[in-house]
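Take this structure first; my questions come after.
Note that the chains are named A, B, C, D and E in the order they appear, and that numbering of residues resets to 1 at the start of each chain.
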Amino acid sequence: MQVEKNFEPTVVAFCCNWCSYAGADLSGNNRIQYPANVKIIRIPCSCRLNPMFILRAFQRGADGVILCGCHPGDCHYTSGNYFARRRMTLLFSMLSFLGIEKERCRVEWVSAAEGAKFAATMNDFVATITRLGENKKLEDLRCKK
Amino acid sequence: MQEVIKQKAIELLSSGKADRVLGWKEGEFFYDITPAVFTDVKEIEEKFVYNAFCGPNFSKYLVAESRKDGKIAVFLKPCDTYSFQQLLKEHRILRDKVYAVGIPCDGMVDIEKIRQKKIKGITGVTEAGEVLQIDTIYGKKEVAKKDVLAERCENCKSKKHVVYDELIGEEGDVLDSHRFDLVEKIEAMSEEERFAFWQNELSRCIRCNACRNVCPACTCEKCVFDNPASGIDQKAAADSFEEKMFHIIRAFHVAGRCTDCGECSRVCPQNIPLHLLNRKFIKDINEFYGEYQAGADMETRAPLTDYQTDDCEPSVILTKGDQ
Amino acid sequence: MQNEALIPYLGVVTDIRVDTPDVKTFRVVSAADGQKLFEHIPGQCAMVSIPGVGEAMFSITSSPTNREYMEFSIKKCGCLTSWLHQMEVGQYVTVRGPYGNGFPVEGAFKGKDLLFVAGGIGLAPLRSVINYCRHYRENYGTIDIVYGSRSMEDLVDYQEILEEWSKEEGVNVHLTIDREQPEWNGHVGFVPNFVTELAFEPTKTAILCGPPIMIKFTLAGLEQMGFPKSQIFTTLEFRMKCGIGKCGRCNIGNQYICKDGPVFRLDQLAELPDEY
Amino acid sequence: MQRIGVFVCWCGSNIAATVDVKKVAETLGKEPCVVYYENYQYMCSEEGQNKIINAIHEHKLSGIVICSCSPRMHEATFRRTAQKAGLNPYMVEIANIREQCSWIHKDMATATEKAIILGRAAIAKVHLNTPLQAGESPVVKRALVIGGGIAGIQTALDIADAGFEVDIVEKKPTIGGKMSQIDKTFPTLDCSACILTPKMVDVAQNEKIHIYSYSEVAAVKGFVGNFDVTIKRKARYVKEELCTGCGACTEKCPQKKVPNDFNLGLDNKHAIYIPFAQAVPKVATIDPDYCMMLKTGKCGVCSKVCAAGAIDYKQQDELVQQQYGAIVVATGYNPIDLKNYDEFAYSQSPDVVTSLEFERLTNAAGPTGGVLLRPSDRQHPHTIVFVQCVGSRESGEGCGKTYCSKICCMYTAKHAMLTREKYPDTEVYVFYIDVRTPGKNFDEFYRRAVEEYGVHYIKGMVGKVSPENGKLMVQASDLLDNKQLKIEADLVVLAAAIEPDPSARPLATMLTTQMDTNDFFTEAHPKLRPVESATAGIFLSGCCQGPKDIPETVSQASACAAKVIGLLAKDKLLGNPCVAESNELMCNGCSSCEKVCPYGAISYVDKEFKMPNRTIAVRRVANVNPAVCQGCGACTVACPSGAMDLKGFSNSQIMAEVDAICK
Amino acid sequence: MKKISLEKLNALFAEIAETKALYLPVDTETGAQYQKWEEGKTLSSALNTVRSAKDFFFPQTESLVHFKVEGKKIEIMDVRDEGAPFVIFGVRGCDVKSFELLDRVFLQDPVDTYYQNRRNNAIIVSLACSEPEETCFCHSFGISAADPAGDVTAWIKDGEIIFRANTEKGEQLLAPLPLEEGGEAKAEEARSEIEAITKKLPLQNLPLEKFKAENLMDFFNDPKWASLSQSCLGCGTCTFVCPTCHCFDIRDFDTGHGVQRFRCWDSCMYRDFSQMAAANPRLSQLERFRQRFMHKLVYYPANHEGRFLCVGCGRCLSRCPISMDIVKVIKELGGERDAK
């Protein structure tokens, strides 16, 4: 009998260059572990995240997508994360409206000092996605191996 | 009303106030009316109509028409004026090239709804007050007009003309509509039910682009879906993902700019209730960021190009219960 | 299952020649057996593709008389062609074809004096015919080739022209470039004017290929010289997808360029809507 | 199609201990277009960098991927390396396999697998990289300071000190601002005029500083290093260059009933006036609303008495164009209008005054010559009630401000103390919600007021002030003793909240800088860039950014000057090449991008396009000024057509990374 | 002929579905659609489906070939499927005719094997139209709503359904089914009833006579195209609901671990349909609009012995967002023209 392999979700984390990417680095500096399922993509600001990228990630096989940016009020570009917040709120609401699991996408504000929070957030997010299981509602069957 | 508007069209053309008139032209039957640019008084006299089947929203035509030489007169129903103003706000229409005449509307009829009442072979429709008398190959039928109103007219949001050069008839008011009822109903479904609902709806999409091409908010010089460089260009969906992708992205692109004119659902050959996606955004925007009606004025910042420091967090979605 | 026209063959690039700064000639053989992929008639085309990048129609520039391989001369202008230009020898490509009608080398051309007029990359489709006609020299009358480009560097197949074509008996090569260049001793001027200057007999059969503006003025010149429309041939370019006259893209009038063209006689074209 | 080289760094054992670097290099070496791969102990070392340089030369690499530590660590290093090898520095991508891989994972297989994926993403991105050139723009070595209060003065002096030209634009006829109206300053109680006026003189005498008094900024164009500013010099009907400031005109002017704004309307001035004795420039100005000559054409006295012939009734507003490298906003503050505070009877009784009016009433140069007299009957007040937080720290609904005005506690303590010192027979009550004294010697100062000077500090709010029989009945609550109080006062002084000057809002629009909901300018970063606005080249000095006392204002002003000097010291500004770019062919001109741009980097032009059918179409299209754009990317998402893209982080690049990761 | 009571129709479907996939029009909230029969699904009473039956042979998208790309190497994978026989039940006369018109494109040399496979596998049971709609004009193209073609023709009359096998395939389909013999009279009755209704339909006598190859350039240059196309949105609704439109696009999709080449419906009404790197021969909507109708009314007939590429199903009449359809085009252009 074949033993089914444990489900290892693919998680894409978009991190703003100034706060969250630095926060992720700090988590590394302090050797705080979080699952290898998380792969980080660096973007200049959370407002650079086009909803298209999130959909693209799901299409290509991501099981969860998380956006990390500076805390509201701390944006390097002053207002970027405020725009990102509105955009993501509406996008997530729409995805939920379409019946997509709402926990699959998340936004977290992580500052450059919050290495521990970054790791904790990722641990929690990966756990959530693992519990949700494979992304089947927004997958593109062609991209499955 | 048709006569008044027709006379106005003739007057505008013959007085030189307008070089062209955008209006409705009669078809083979009572209901298959085509938008047309009239340049000739005789043609207006013969072909111009305005009845309960004059659904098309003219504002999008003005993007191209206002860039032609001369001035174009256009007849706008209350809801059309919102789209018109939104396009003005986005600098897509040159205002001084358009002479806008606001006209009253008491709801447009959806021929599909008449057909759904198993009325076949419709050859003529006469409006008699609240009742529509329908001639068919198989005899005469009657339906109440309110039963066959287009969805957007059933839930009419406003009888007010927000912009015009001239108004025919009385000015109406913004109405209390029940347009969000169905959105609420879907929101109240379970996640699986919602998924099944949309899967069923969106899987019918044949990607004819009618929704996009008719949408007054979709006036991009080059649509991302037609642009190979965008990375998301597609034609007919090759996977159920692409069906969703198209409609999510489209709804997102018009979020905060959609006036809820309902043209997308009117034109969908597969009767997909596309307006629900747009309305969901409108409802969310109203709830999260305060009431906003696209096209209602020229000044207010669109919700997605604006923010408040104390806006709700995206996690608000998590706490919005399924039931 | 039956062979399917839309499923391509695998080819491998065995040689890349840089013709001009933006034209390269690729030599392609079958990836399976190193042989020529398929036979063709001069003027026919093939769909060449890099999966994931794109597929496009290119004329086969090598002569059918070449039994070993086929060649494509490709100008860099879009996404696919840029990719092709970056290729190295050994790269696989997919090829399907041959498509189109080709030149009537065994029909209308036979026994005729031929006048080839080409501009820029327009020589590519003609090279196949010229070499075919050179190969079966006895079947054709004199061959005149008028070829021009922006500059010396932009003359495609310059070496072959100099070393083979110009030296052959009964083949007259007339080269021209648009503007003066220090190293250039030949004619300077635009192709249409050069054709008029050369004052060819209107009994010849003219074959034109080049940019639209060149075609337009050359045609005017030829007609002035008395060439009847039925003696002028040209090839059309159009966006194509299927290559087999089904997808509807290259439909002009009742003709499909991919299937009924790309070679048209001028009198045929005159009966078609001007949508090319 | 690129020719990509992959370089995997061991970082000693930092990476190599948990990531199989050899395997990573070999696996990535098989990726399309990777023509070279290598792994080395320390890629950032000189030896490592040489390896990269050699590989770029030998293998004609068009792009390189370095799998190493965080790009925040060595991206700049490797970009320089690439540049040394003749490769565009923006053809470098870093895969962060240390901080985001080897350091956070323990299992070698897992970490290696992840490193490969991160490397693939970087390769996918570099495929789409294009060489970027940072634009250069020259810097105009001249600064503009808007506002001539202490903030503007200090900033201007510091900048001029460093050798740069500075212009001050002041809307009033003189510089000096609020500080010139104040009597003494807390907590040292030194005379405000004594410390301010020498600075004003310095300004006047400094060759590098030019004052545009009685002037306003009318328009601002351009960007950091190259602002083009139009200054409106309002007609003062006196030729500034001729006027000697002798004051003869003022003396003879028959129109004496002009409310004196310098004394906050507590007395009158002449229609031609010099605001105060130490005014800079010391030049007379005619108030056109009152001058008989200007209004009726009959008078002309001043012109007759002016020996210098400086009077010019025909003077017009004048527009001056000037170029600047940097702009400093120092527009200051005003006390709020108290007309909505009827409970304090401010509009009803002249004896209810604001603290600033109180300053004038105690100032030796003020309307009472420094003797504290009630405005109504010019009698000495025996009971004075000070009310703090009038319009400050209010809940959202009221007409006041939600913020703390910061300076009121201290100046009220100062007023109370000075009153008690000069007039010990006066009872002084101070009603407060909290007393906030965080500052050097501040709390000591306040305690002295209470302990040494016997000022009655009462925690509680004044409910009502009603004029009764020439007195002011003050009803208040004492929150500590929990009782109602009634005080019969002679004078009530209201510590009015301060708000930004009304000229700030239109100015912010012109400068495309951001403001908060209270119209205070928003700093680029609240902690790290407190004196810069988010718009490059625009700096903030003083109360326009938020309430401040004088020492704070002055230190911010100097900080601001340091920033300006830092900018002006450069000959050229090197832009960030990772900026937004609009594809004109796809742009709709809808203005969405402009609305989300925090820097005002986007403008619109009507552009002619040749259409394929040989017609010409004119369309409004967005234009990004690369010198102003900071590359956040907000516009790229706001753009519905996708015409706007961000260089270095383009849509296709990010999607390629996504694809590579999710594959 | 054979017949069976309508009450037993579902049992009949079950019988057919045991050996072959069976598709039939089913009523949905949003109109009739072809669906695979399964227990509980019943034949729609609507005249016709929203989407045409061409989907069975020419689906919206289909994979053509897959590639694996590694380094410089490419591998080609033939993903064609032989398929299995299936039955389409209840195809109307117009749609049956459309198959013939599509065959002339896809089965013409070189044969499109994807189409051919499905075509060979299909057994078509057509159904006469007892209640034609006002938008029907199939009779203009010589199509009989009363006696449609197909492997089997069926009529519904007085609670019975009558079958007539027209081909060997049809015979084979009907042979094992539990049907009664007879029904000729009823079929005849149904036929004449339908023919009588057909005569009453409003869209009669479309002026088609002049749409001939010899008038090609005349029609092409007709100034009326301008006003006809003026309000066209350039969407693909008409194209995609049309049973005879067959333009397609071929595209590649990179899945991350291979490239899938697929084809999908395309429309000559789309702006990018004929877009080339630098030029587009049909720039305006007028030209694109004209192309579609010229193709249907002139070009195709010129190549196919005068057959029009339209079957009068009326779908575009009811679906066009702005109600500009082929009938209006025919009437406008076919009107007073003098034949050459």
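Keep in mind that, in the parts below, a contact is a pair of C-beta atoms (placed from the backbone, for glycine too) under 8 Å apart; a residue touches a chain by one contact, two chains touch by 3 or more.
All of these numbers come straight from a predicted model, not from anything done at the bench.
Participant: With centres defined by CA atoms only, which chain is the most remote from chain B?
Facilitator: So the farthest one, by centre of C-alpha atoms, is C.
Participant: Which pair wins on C-beta contacts, C-E or B-D?
Facilitator: Counting C-beta pairs in contact for C-E and B-D gives the edge to C-E.
Participant: Among the chains here, which has the CA centroid at the largest distance from chain E's centroid?
Facilitator: D
Participant: Centre to centre, by mean C-alpha position, how many angstrom separate chain B and chain D?
Facilitator: One centre to the other, that is 45 Å.
Participant: Taking each chain's centre as the mean position of its Cα atoms, how many Å separate chain B from chain E?
Facilitator: 30
Participant: Can you check how far apart chain A and chain C are, centre to centre, with Cα atoms defining each centre and the answer in Å?
Facilitator: Each chain reduced to its C-alpha mean, chain A and chain C end up 53 Å apart.
Participant: What whole-number Å value describes the gap between the mean CA coordinates of chain A and chain B?
Facilitator: 36
Participant: Where does chain B touch two or more other chains at once, residue-wise?
Facilitator: Where chain B meets two or more other chains at a single residue, that happens at 231, 238, 304-306.
Participant: Give the residues of chain A touching no fewer than two other chains, as numbers and ranges.
Facilitator: Residue numbers touching two or more other chains: 51-52, 56, 60-61, 73, 79, 83, 87, 140, 142-143.
Participant: Which chain E residues sit where two or more other chains touch them?
Facilitator: Touching at least two other chains: 69, 249, 253-254, 256-257, 266.
Participant: Show me the residue ranges of chain C that touch chain E in the complex, using the header's touch definition.
Facilitator: Listed in rising order, the residues are 1-8, 10, 31, 50-55, 77-78, 88, 90-94, 237-239, 241-242, 244-254, 271, 273, 275-276.
Participant: Would you tell me which residues of chain A are touching chain E in their complex?
Facilitator: 60-61, 140, 142-143, 145
Participant: If we count contacts the way the header does, which residues on chain E are in touch with chain B in the complex?
Facilitator: 29-31, 33, 45, 47, 50-51, 60-61, 131-134, 197, 200-203, 227, 230-231, 233-237, 239-241, 249, 251, 253, 262, 264-267, 270-272, 317-325, 327-328, 331
Participant: Quick check: in the complex, which residue numbers of chain D touch chain E?
Facilitator: On the chain D side, the touching residues are 30, 32, 612-613, 659, 662-663.
Participant: What residues of chain D sit close enough to touch chain B in their complex?
Facilitator: 585-592, 595-596, 604, 617-620, 638, 640-643, 651-652, 655
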